[in-house]
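A short worksheet on the structure shown next.
The first chain written gets the first letter, and so on, giving A, B, C and D; residue counts start at 1 in each chain.
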């Protein structure tokens, strides 16, 4: 697909990511970049997302959920980019497994998740993901395998 | 701590798990068993927790979040049980890393997460976790390492 | 395939596992059980397999390697069992990813690895693995995803 | 420790890595760089290391073992660098868990493993690792958590 056609699909892809996928809405995820090499999802800190009331840091589950979404998003972008024409439905895929390394307490005003594809097969894709806070600190990293196509 | 004292702490531990930890409330987690060998957390399917609008299945992030909570819960129960007296604050611990294997689509009316400790050191604990749906199908398994004490 | 035909294939499968796969021979792996539900591989402690000369315990790499082999073995047994006739070549498969939890120091005269399938799809299989020592202590657990068929 | 003192320790650290740790010798690991930011271990392809006789590729266990060693090596280098004086014994540490993503078939004349520290706490360190072949292709990546100090 041409970059132009990809660009035309962005509003729809944003709607899918930010609204149609209900739990993404709960997390408050917003697409900040559609770059297929390194897309970005952003969300603001909110009281609902806290995991430790004393320390006021992100719940580990918010981190793992966001990293999983970021991995799926980079794959979706690449699958769509590889299509000949505008898809009538979004590509089907499923997470096989996920690993998250929690590196620093999830402290910040907002957080940005990125992902890149490290293996891209006809059936399997593997992604690496990172979550940074607004100060640019690396909060967590992840790796996931996805079944595609 | 005697089983009797442990029992007396259950209302407080329930409050921590179900209310004080804000994101647990978002997930709708309810403590179903305080058994330190195999505690149980339950949550109902809700539109908010859906990850795939077409297939109406659980978001992968709900699954990873719940398994992480279940792993932390079994450790908390065992740390509290090992204390001589009623704790004035809950034990501090942090997830080091988490792996989730997504085995079946997250379809069901409600889901139950369980966990057990497979390594219990003075500084590190490792847990294995499982998520079943209301039909008893195994939806996902997990493994996590925690820093304790 | 009938159990009788499966049994007739055991000498060949043993040869593959113990001899044709060169690094299995380095590890000294021997098939102890062909049970497709819970096959067993055994190996003896040897100076070559030590990872810590002071403590004389297994090298972590011996543990991860053995668990990976055990996961592949249980899948091979199930793929062969599902075939209509005697295969002319062994089924093709590849490890997608592997997680190992090191629970106790690898101390013992011999070790036994087991595996079971927790997800069995047409393209993906997931296995859980365990390594015990001769005293029955759980040394390590593992989880792996495989591409099959 | 000064860089000069670190340099003086290299022959001893090489001996530990290449000879004292018996299974490293089986793998044929050679230290190619002592850079604490990105040390390198190299090994040559050998018939003993093959996992698939038809395809003549590395055994998955060789890959997981080498990545685990690389992660431990980068931590050892950093622990030694942080010491005030020449250690009388090498720092004690243990792998808590390991994840390996197998990205491409392990084909090549030789392979180089690198590692970097992504979390460096007083008790826990987390490393990311990579294995490339002689053509510079990324064969596998890994993540591991270690107990230190």
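Note that a contact is a pair of C-beta atoms (placed from the backbone, for glycine too) under 8 Å apart; a residue touches a chain by one contact, two chains touch by 3 or more.
All figures in this text were calculated on a predicted structure; none of them were measured in a lab.
Just to note, of A-B and A-D, the chains joined by more C-beta pairs in contact are A-B. Farthest from subunit C, judged by the mean position of CA atoms in each chain, is A. Remark: subunit B and subunit D have CA centroids separated by 34 Å (rounded to whole angstrom). Computed centre separation for the pair subunit A/subunit D is 30 angstrom, with centres defined by C-alpha atoms.
Chain geometry summary: the mean Cα position of subunit A and that of subunit B are 24 Å apart.
Counting partner chains per residue, subunit B has residues 96-97, 99, 101, 126, 143, 145 touching two or more of them.
Subunit B contributes residues 96-97, 99, 123-124, 126, 143, 145, 147 to its touches with subunit D in the complex. Chain contact summary for the complex, subunit C toward subunit D: residues 20-27, 47-53, 59-62, 64-66, 68-69, 72, 94-102, 105.
The part of subunit C that touches subunit B in the complex is made up of residues 99, 101, 103-104, 118-119, 126, 128, 138, 141, 143, 145.
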